[in-house]
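Report on the following structure.
All chains are identified by letter, namely A, B and C, in their written order; residue positions are counted from 1 within each chain.
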Amino acid sequence: MKKATCGMVRDEPLIFERSKPGKRGFPLPELDVSGRDVAELLPKGYLRDDIAGFPEVSEVEVVRHFTRLSTWNYGVDTGLYPLGSCTMKYNPKVNEKVAREENFLLSHPYQPEELSQGNLELMYQLERFLNEITGMDRTTLQPAAGAHGELTGMLLIRAYLTSKGNPRKKVLIPDSAHGTNPASASIVGYQVVKVKSDERGCVDSAELDRLVDEDVAALMITNPNTLGLFEEEIVKIADIVHRKGALLYMDGANLNALLGKARPGDMGVDAIHLNLHKTFSTPHGGGGPGSGPVAVKEHLAPFLPVPLVEKGANGYYLNYDLPQSIGKVRTFYANFGVLIKAYAYILTMGAVGLEKVAERAVVAANYLRVKLRGVYHLPYDRICMHEVVFSDKNQEQYGVKTLDIAKRLLDYGFHPPTIYFPLIVPGALMIEPTDTETKEELDSFIEAMKEIAREAKEKPELLHSAPHITKVSRLDEVGAARNPILRWKKR
Amino acid sequence: MMNDGGEKMYPKDYLYTKDHEWVKVDGDIGTVGITDYAQHELGDVVYVELPNVGDKFRAGESFATVESVKAVSEVYAPVSGEVVEVNETLADHPEKVNEDPYGEGWFVKLKIEVKEELDDLFDAARYEAYIKEEKGE
Amino acid sequence: MRRYLPLTEEEIREMLTEIGVKDIDDLFAPIPEEVRLRSKLSLPSPLTEPELIRHIKRLAQKNAPLADYSFFIGGGAYRHFIPVAIDQLISRSEFYTAYTPYQPEISQGTLQAIFEYQTLICQLTGMEVANASMYEGGTALAEAILMARRINKRSRVIISEAVHPEYRQVVATYLQHLGAELIEIPVDETGKTDYDKLASELNDDTSSVVVQYPNFFGVVEELAQVQSTLKERGALFIVAIGDPVSLGILKPPSDFGADIVVGEGQGFGLPLSYGGPYLGFMATKEKYVRQMPGRLVGETVDKEGNVGYVLTLSTREQHIRRERATSNICTNESLCALSAVIYLSLLGKEGIREVAIQSLLKSAYAKEAISRVSGFKLRFSGATFNEFVVESEDEPGEVRKRLLREKILFGIPLGRFYPKLSKALLVTVTEVNTREEIDRLVKALEG
């Protein structure tokens, strides 16, 4: 199999190292009001002299600088990005275009509602789409990311329980959960209690029954879970939770497997956050921006953050009249620019398309499961949903670890899967191909993984020293943590 | 380092806990650190968070954390006591925990409150056996 | 929708055979029948690309044609010139379709850009270390307050009422279950925080003191006064920035002993976009770095000694520390931070200063002219940057409506945030407003 290579990739220093006094990248139109003495207009002692070290470069250099930097990156547009629980699907280009409509970009959040009817209608419609897809009653579009949505969900649950007389003390979280789950519960003042997964990798409902008491506010569940397995006892789980007056929160990161097939609202979920930058194709941007709307059942709706978008006799408006609202979880209304892309995606796919998304995501993941089983250790060997988890157990005997496998994949031109998560599988390799992959890309990935398994046996040094073709080889992360250098300084 | 046997890995005059801390007793002061097994499992130590002099801990209570690049571990007091000294050099040289876990990689010195608690700890031979059991040998 | 779903029916059949099932539905067998959806979701019929573009264009047109309007509104979101090169560069798919740089060997582009971003924020705020971004200004402030609590183990927070009202709301939401007391300090006639009152509220349980600079009323707070009050008291000094371009001309908060500086970076080259996605920034002193939330990019070397960049100090974060993490934040505003780096690089040292000066001078021009219009007067006497508060004899809502007919977006009525300011409007001027526009505004006010 032909490995990855480099085209011609230029090196590039920091922008500060390109700086030369007097250079300028963007001139302004000349000042057209009288030039008063700036020092007179500011309080004494508050006029800045200089910004030491700030760059001075021409537009040419800025464009070359960032163009060169971009050539060192890998994106979904480059190739498969099989990161489990991240749903790195294709980012449609038309969505990028429509999000750049001038009237959207120029809207100020405090401009009058009469001038913002397009924005408000989009938000109103998107909420309805998300309610329908999740089987819930109302959705807040405010949270800027999934974790932000989790925090919002926990605040909603706490507010609801407080209104019933007792906020309670604990939140139950499976040991396979994403780290944001316990982190979010803590910020809301809840104590986190771990729920062990059973031998099938799912929430142990008997264990759950023992743990749920009158002090438990909620169970945070991911479904399908981080092993890519559907929580088959979900209805029973919801029942156990509800019987004791607790609520069921779902981390919706893995919704891609359920679109059009099942709805969290029908499973007994009280609140769920969505990741628009996962399931709904908005780009990851190198780490953000994302958007984490939270869909809830009617009984949690009175507590939603303000404002909500409503439709009235005179058009769409922002409703701040929610006396029991938890408040605001961010300034203004939402990551609106991200909402537009998700909205466009749903309009492009329609109901039939979204169902096909789930189908292809699940077919692709199971295809990888059966083709790689035997080559890599598969801890849970049964039908998976949109992702599958392997481990490095078979390669242990050659002294090869998950990290080595991941780094060697780079030489084959692929971004590695998620590694070392979930924590309940030591040396985990979590693979999520997504619905937008071609069979050719999947087969190339399978071939690369098989080659790497062979290399692990015959030439493990190749894996230990990988990657070889990238701009940098393995980096000294220990040094970076022991002696952090977190900014450039003039020497 | 794990291939070295004997004295280096289990100093005979130290006592050990099942969470892989060691304590070296001198009068009523106990010097505490983590064992060679612990530092090996952790990998390269990048940071150690130590308590303040004067802080008091009960046996089994977490008194410090030790970090590698990808993990954080709690360090538990082998016996109850008051911190009388902390190892300031670990701030700039966390690698000492890896290089010399029983010597320069010490964490704190405790004024031991209840001498009887030392009886609950492993001696070198029992700790060595405990490790072998952990590793499934 | 086939365009995004490349697997053909034949390929799917082949794959199903390999998997060992008869049809796709077999793969959904783990889902119990009682929760299986057996009808189609009720969503609009799928649109092709031309139809989608037309539909969304029509939606956008339901907004007013905003390019025809003169903007004199700010209040946490600022209209500045946005160099065209920014969008071209962030549209490179290696930037925008990339994931979080957890595999640094193939993410050096993102990592170096964020390292540059961290540096620029440090340079502008004067602080020693900055993180890789937070969601936006309000949540960045909330996180700073939580950080201060972790650092000094105290819980009381003193916050000026001249900090952005929505920031204060977000802070209240974040703190509501953590046993924290929030004390608000009013402003005086100058529009600055009443520093004496602030001093009187300081006690041994005060974790942090928060002011905004320039504040929500556009007034330049005298940070030196807060600094001297806080000497030796153990409370952390948190400064939230108003329009971030102000740092081009105002002395940085570090000069006044700030411990944590946060703010909204939208003014650095991001479109208004109806409130998001924006860019929270946070910067602090090196000694607090381990308590700082968010991602951090650090410099290091590879095996051959080549300089490279990597996410570091990850043990602070949720994926390792879980419930004991400094924050739950995972996804941030990375691409927005990239926009900001490009903006700041293009403008450069001279440019950012010039944007600030033009904003200041045009605002002074407008302020002076408006104060001479009968029926309007300036509410506060303190020095302002590019925003100021005007009180009108007529109802602000009416004034606004009147000017809207002339396609002028004049001011934010403050009555909704400050009941005592029910006749006031916050007016904002930036380098984008021309003298003609300002003159036209004044004429319209004279009406």
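Note that in this section a contact is a pair of C-beta atoms (placed from the backbone, for glycine too) under 8 Å apart; a residue touches a chain by one contact, two chains touch by 3 or more.
A quick note: this is a predicted structure, and the numbers were derived from the prediction, not measured.
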Geometric centre: closest chain by C-alpha means: A
Pair of chains whose C-beta contact count is the highest in the structure: A-C
Intercentroid distance (Cα basis), chain C paired with chain B, Å: 45
Mean-CA-position distance for chain C and chain A (Å): 20
Mean-CA-position distance for chain B and chain A (Å): 39
For chain B, residues contacting two or more additional chains: 46-47, 67-70
Touching two or more other chains - residue numbers and ranges from chain C: 314-315, 320-321, 324
Touching two or more other chains - residues of chain A: 477, 481
Of all residues in chain B, those that touch chain C in their complex: 46-47, 67-72
Chain C residues within the chain B interface of the complex: 290, 314-315, 320-321, 324
Touching residues on chain A, where the partner in the complex is chain B: 420, 477-478, 481-482
